[in-house]
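Chains here go by letter, A, B, C, D and E, matching the order in which they are written, and residues are numbered from 1 within each.
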Amino acid sequence: MAERRINNMEKIRTAVAQDLLSGRIDLLLGWEKGLYWWQSRPLFARNSEDLQRLTWDSFCVANLSGYLQEELKENKKIGILLKGCDSRALNRLVQDQMVDRERVVAYGLPCPGLLDPRLLKQEAGLELTALGIEEGEDRVTLTGTKGKSIAREELLLEKCRRCHHPDPVGCDQLLLPPVGSREDRSRFHQVTRLEEIPAEERFAYWSSQFERCLRCYACREACPCCSCRECFVEQEEPRWLGKAHENSENFIYHLTRAFHSAGRCVECGECQRVCPVELPLMELSSKIIKDINELYGEYQAGLDTEQDPPLLTYQPDDPAAFVE
Amino acid sequence: MTKYITSERLPELWARLADRGPLYLPVNEGTAVAFRAWEEGKEVNLEAVNSTVSPKEIFLPAWETYLKFERAGKKLALAPADANGLARPVTAFGLRPCDLRAIELLDLVFVEQDPPDELYTRRRKNTTIVALACSQPDPFCFCTAFGIEPTDAPGADVLAWKTGNRLFMEARTPRGEDWLEENSRLLQEAEGVEKPPPVESADFGLALEGLPENLKGRFEDPIWDQIYRSCLGCGICTYICPTCYCFDIQDYGHQEQGERFRCWDSCQFSHYTLTAGGNNPRPTRKERVRNRFLHKLQFYPERYEEFGCVGCGRCLRSCPVGIDMVSVIRALGGETVAR
Amino acid sequence: MPRIGVFICWCGTNIAGTVEIEQVVNAARSFPGVVYAGDYRYLCSEVGQKLIKDTIKKENLERVVVGTCSPRMHEVTFRKAVAEAGLNPYLLEVANLREHCSWVHKDPAEATPKAIALVRAAVSKASLDEPLTALMLDVEKRALVIGGGIAGIQAALDIADSGYTVDLVEKEPSIGGRMAQLEKTFPTLDCAACILTPKMVEVAQHPNINLLTYSEVEAVSGFVGQFDVRIRSRARSIDPSKCTGCGICYEKCPAKVPSEFDMELGKRKVIYVPFPQAVPNIPVIDRENCLYFKRGRCRICEKECPAEAIDFEQQDEIIERRYGVILVATGFDSMDLTGYGEYGYGQHPDVLSALQFERLFNASGPTAGQVVRLSNGRPPQRVVFIQCVGSRDIARGQNYCSKICCMFTSKQAILLKEKLPETEAYIFYIDLRTAGKGYEEFQRRAAEEYGVIYLRGSVGKVFPEGERLLVRGVDSLSGRPLEIEADLVVLAAASVPRRDAPELARLMSINSDRYNFFDEAHPKLRPVETHTAGIFIAGACQAPKDIPEAVAQAGAAAAKAVTLLSKEKLQSEACVAKVDPARCSGCLHCEAVCPYGAIAATETEERVRGELLTRTVAEVNPALCQGCGCCTMTCRSGSVTLQGYTDEQMLAEVDALCLQR
Amino acid sequence: MSTALGKTGEVPVNGASPEKERWTPLIVAFCCNWCSYAGGDLAGTSRMDYPANVKVIRMPCSSRINPLFILRAFQRGADGVLVAGCHPGDCHYTSGNYYVRRNLSLFRRLLEFSGIEPERFQVSWISASEGDKFAGVMQSLTEEIKALGPNGKWRDSRWQSVE
Amino acid sequence: MPGSFLMPLVVTVKEIVTETPDTKTLRVVGEKGLPFEFQPGQCAMISLPPVGEAIFSITSSPTDREFMEFSIKEAGTVTRALHRITPGQQLGLRGPYGNSFPVESLRGKDLLFIGGGIGLAPLRSLINYCLEKRAEYGQIDIIYGARSPGDLIRKEEINRIWPSVPDTRVHLTVDAKFEGWEGHVGFVPSYLTELAFPPENRMAITCGPPVMIKFVLQALEELKFSPEQVITTLEMRMKCGVGKCGRCNIGSLYVCKDGPVFTRAQLDALPDEY
């Protein structure tokens, strides 16, 4: 397994090195290792030295497509490594005319699902630094002081547990063999559970979540669909929303943010992943996706760029979720 | 005089303290930990090293209203808002030594620097702080790099530490003594001389000596071009940080009535320095990231002769793109070779 | 806060009977920005309006709020009044104290606080009002009529007679349309050509009409008063200035193809005029079928033409012209019946569509006016007409009634009887619809005088039996199955929109119904207008209709067009959407939903780190925008807002209404 | 003021109280100018009767709505919100309400998902000729919301109304 | 009183002067005349709830005891609201904030004021202060420019009052030619170079849009003014006014508290981020 990973790494590096060093691309967006083995962070590679730091492992979680808009102001052509979810984000950005696809070389990385450091820490406690992991096909073994083997699925990030499209779509090049679609996974499990509880409890649930919100807007900044130049949150004229962390203001922020992603959300789950206080933000966008599917037909943003986004079209005999 | 309480009896202590006034302590929220007002059913976590969000909001709430207004025709009436949560004494329990140091740093701004900030000062004066010595550092801790002793908290009213099943407590200030006295019914005297067990240092091998001076001429250092790149421009680092204190002032209400409040703000937000005329001295993430780190490592030391960072490690854990104090200090060259 | 004046109307006792006016006035005085509050018995009266105007001047008012009847009633009146006092008319807000308050709430204790709340909301909104100006648009004094059938002809003549220049565009080589194909018209049995041809000639000779046959509209942009249209005038391969219309060319032409004009029953030459009375009487060469164009050899017509008018090198001409109005009269098609295999259409030569059958009567038609069976050239003994083929057929065709079939079938039966009195005529119908002047009488004549047999029922199948056709159906009155042997079967095919109607609708941003008939702006009150200002519709492109209706509609549309053309300037909607380019990220979702095509991408420049970059943003064309605000719903960042109903104003109204419980 | 540390500014909660009998809900109705607002006018012209707690905001088309207007109304103390427009197919601007139907269907479900009673936010198609429907909708909306009681969930704890 | 330094006084707008199409001057009074004492160059926070607060330099001289003046250019939310008020409106006011012009060290010197557009507002406080104590200061020259003649503020003073004071000269310029404008045409920095005042015993005090200041500082350097002879006043976004809310820092200094008045020498030691 470890060997395969090294082989994979070489394959990836060789492929992108060719393009970067030949000048086909000016910049490669990838990942490098962070402080610890369970942290990988974005890498902006411009030369072969930078490429030495390039990494692809189970912690390369950041969706890099969000950087394209800014970086394209400074670079002519950019190469970008994309997991399944990331590739849908790129497609979505292209569809919203935020990114000129011609100026992007998309390298697809079929993704086996990434591991959640928070869960690893729960397993290992403060000893995490002393640990390592060995990844098998379906299992992950903690090495070092603990010798525990855990099913990979159990250690996945929440967003990966419900991912249906681990293989990138619409890329110029797939750098690794596809892992196959995972449509057997349940995407709306949590949403259904919440739908079923009484309204009062549901409100209490969301209240207890939203009142913890720091209003750091990381969910928004990390979201590849949030491409407004000035979010409604910041606007002074009109002032849609105040800055007080009042509960109703927090509700409005989160519901509106989710609603603004209606028809756009590519389910990359970055909103939830980056949230420092671990708000279950994916459930909001999942709810909207579920409703779109139920009412107006299956739509998965970023898969088919030719398909009309559900809120930009209609059928005269559309159903309504209210008594007409 | 050292006193202690056994773990089983802690809930009794919480109930008693909460009876006296708001009691803030670290509780579990999912896998996150935050300082919350204690109430029955909250899951207190005294093991966690460094709550996800810092306890600064006990003194600098995320938002607080300070005046009310009314308008009729052309008339305007202003009145101070009732100060909230200050009627009864507050206990802040379980702050780690680094958090304590952070509060001392906030004091420099809000109490020492003229004019003192009444809102902050009143909360500070009204609160008894029981610090909790660390027994094991988190992978992200690097407080010793800033000279903080993980087993001591000079600024606290009471220092507590855990040894086995016992939570020892020792007063550090007269207020701490009073506090211990008030709760003596629940506490037992320690038999011998008890001290917090030593803890290994955590500093990531950082050498900070001379760093502020070193940074002086490096405002335009090209390294900043690399450091900021992956920044999302969110406010996580500033909001979880124990020493970040920026705030904004905003009005709420209608033409006829309403109130004015202040709330946290973040130097990472694009609108933070944007003037009404459209000028923005820190127009991109680059300037904003640079300002934040230089504020902690150069500007704060220049103004207050202390580093503006306490090595709590929260940004190392929570930054979603790996821009953290240790990485930045390393990038700036502040690392010893020895380690 | 701007200086706001509030005027509360008693409306006699209509408002004052339920709402305590004094309380409302007093409350209004305390609202921020209000410098004057007063009331009057009838604010809409001359005296009431004068009060407003005088107070605006005296109090130096910058905004006006009136608490009166519904704004749908008198908003225009009061806007005019404030404008006369020198204020921009859009600095007025109306609180609806009558229809929405005093008339629906009987208890003054309830109505009065509500009136106060409504006035408060109007004041809040008014304080954010900005002056708006409608654009004054130039009107190009030229009309475009698309379609040269009877509707288009009539409309073109009417507009031209009013003194405006008209370009009449017809796709075919000649104008005349469907009516030119008809032998006679119901219920008068006039000869169609006799009444149509003079009009066609009039068009050709009218000094204000510029006839563009063999031409099609390719692109339309712009807006009412200033439509920019690109027209392709296809090469006729004949120099019209030389052609004398002598007809030698098509006499000599060796190649023949099925004639469209004769519904493919007969043949025409490859160089041809569609029918003898064609206007203009100038042939065209059908280049697709011309031997010279296909194989490079022939050029007989060129050799034979005494006027040397043949020009094989002629190119399509592109005409780009600006028009003030466009009138669409593209007519209808007879439904393609290949889907109706059970009637044997397309399989048996004696099964004809009604329009094909019509051509048999015509002296210049495929049979030179002989009504015969095409299978053997002999006159039919019995003809069975089947109605509602395609029409009213929910399963396969068009749900609607084609409206003209009952009448033209009766007409054809009468023509048949006149020509071949011995021949039997059977008509299968579902319902007989004869509403129209003289129509019922006409149908009765067919039955009673001519002995046409009407059978209420439907036909299940038509199939050959020996030399004849067996028509198998049901008499729905008696419920008995029926079998009739026939020599000819005539199918009353549904009238459907022209095949290219959807494309044309798209070009012009006008709406169509589910069948692709063009939609009128309002089914009752704006029957000849479309949703796009300045574009009108007439004739069967809107829905199936008979000739008098088409002509009447054409006259109405022409009148509307002339009204528009006669204006010096046109005032556009003032409350239109507006994009803040600094905020707009250019996702163009607004463009996707705009019903008027009023939003388009444009480039804006911005300085990024000292470099000037261009980026795409949305832009509203205020001349096209009708002010619905649909775009605002799609815009997450509020970059596009609707003037007169800005986001700030809407929020202010919400706040104000909620302030008072 | 409230932070995650401690809640203050308690909001009224649902439930029976002596006040409740006298209490009338505040309902904000966003009506399109061409159909629903005109329907309201017709209700007036026909002297129909409906509760005075319904207050109408006029918009050119129901598609001028922004979910944030609805949220704002709740935040500022509205107990119910209605959006009313032309019947699908009859939109004065041809297609606005078709988009509204999709938009607000999803939004309504999201609101319900967040724990708000779905009765509090409704959408209705009311034509200019349906004065009776206008009055009927206002009547039934008021009754439904009266049965639910005041909306405390969404109200900003700082918002104060005047009498 | 909780948060007293954030607590504004209620003041009343006595008079509003429309200076240019986008600039108005508000004259405000407190309950007993001047709302508070201040020094030339200091700022105050004006608020009109529920729109919010914004900081403005005080345009009037402390020697003016009748009212306090603020010249306000319409730019953002607050200024837009302040442009919509009418006399008699009450506002919130707190201050004074920041340091002030060093009136003591300017004493006995020739003064060269260089202002652009609304940048005259803070300078005017000092100009009137010096003119009030005319004998204490040397020659006074005021270079003032705007985009167009219509954009020049305080027309009465610049055209009539100031030039009539002994040893005081006003040099007006506009960016481009305009009909009816017979004065100098050109940007402020180039006019400054043209006028070429010698630096001896002279202090230059400048305020204007950032890009103007940049070129004025350059021009002054070319005219051999030392960094200590050049004083400018900066504009940043501010909220608290007392160096706590964070946003107006340049390096370790806070413009609201340590500024807004800086000498060129002080600025040179700071990061270029204003």
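One rule holds in what follows: a residue touches a chain if its C-beta (ideal position, glycine included) is under 8 Å from a C-beta of that chain, and two chains touch if they have at least 3 such contacts.
For clarity, every value in this text was computed on a predicted model and none was experimentally measured.
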Contact distance in steps, from chain D to chain E: 2
If a chain touches chain C and chain D alike, it appears here: A, B
Which of B-E and C-E has more C-beta pairs touching across its chains: B-E
Maximum centroid distance from chain C, chain identifier (CA atoms): B
Averaged-CA centre spacing for the pair chain D and chain B, given as whole angstrom: 43
Rounded Å distance, chain A centre to chain D centre (Cα mean): 36
Chain A and chain B, separation of their C-alpha mean positions in angstrom: 30
Chain centre separation (chain A, chain E; CA means) in Å: 50
Residue numbers of chain D (touch at least two other chains): 1, 3-4, 68, 72, 95, 99, 103, 156, 158, 162
Contacts with 2+ other chains: residues of chain E: 76-77, 85-86, 89
Multi-partner residues of chain B (each touching 2 or more other chains): 34, 62-63, 71, 248, 250, 252-256, 258, 261, 265
Chain-to-chain touches, reported pairwise for every pair that qualifies: A-B, A-C, A-D, A-E, B-C, B-D, B-E, C-D, C-E
Contact set on chain E toward chain B in their complex: 1-8, 10, 47-54, 73, 75-79, 85-86, 88-92, 210, 235-237, 239-240, 242-252, 271-274
Parts of chain E lying in touch with chain A, wherever the complex brings them together: 76-77, 80
Footprint of chain C on chain E - complex, ascending: 84-86, 89
Touching residues on chain C, where the partner in the complex is chain E: 1-3, 35, 127
Residue ranges of chain D in contact with chain C within the complex: 26, 28, 33, 37-38, 40-45, 47-53, 55-61, 63-66, 68-69, 72-73, 76-78, 92-96, 99-100, 103, 135, 159, 161-163
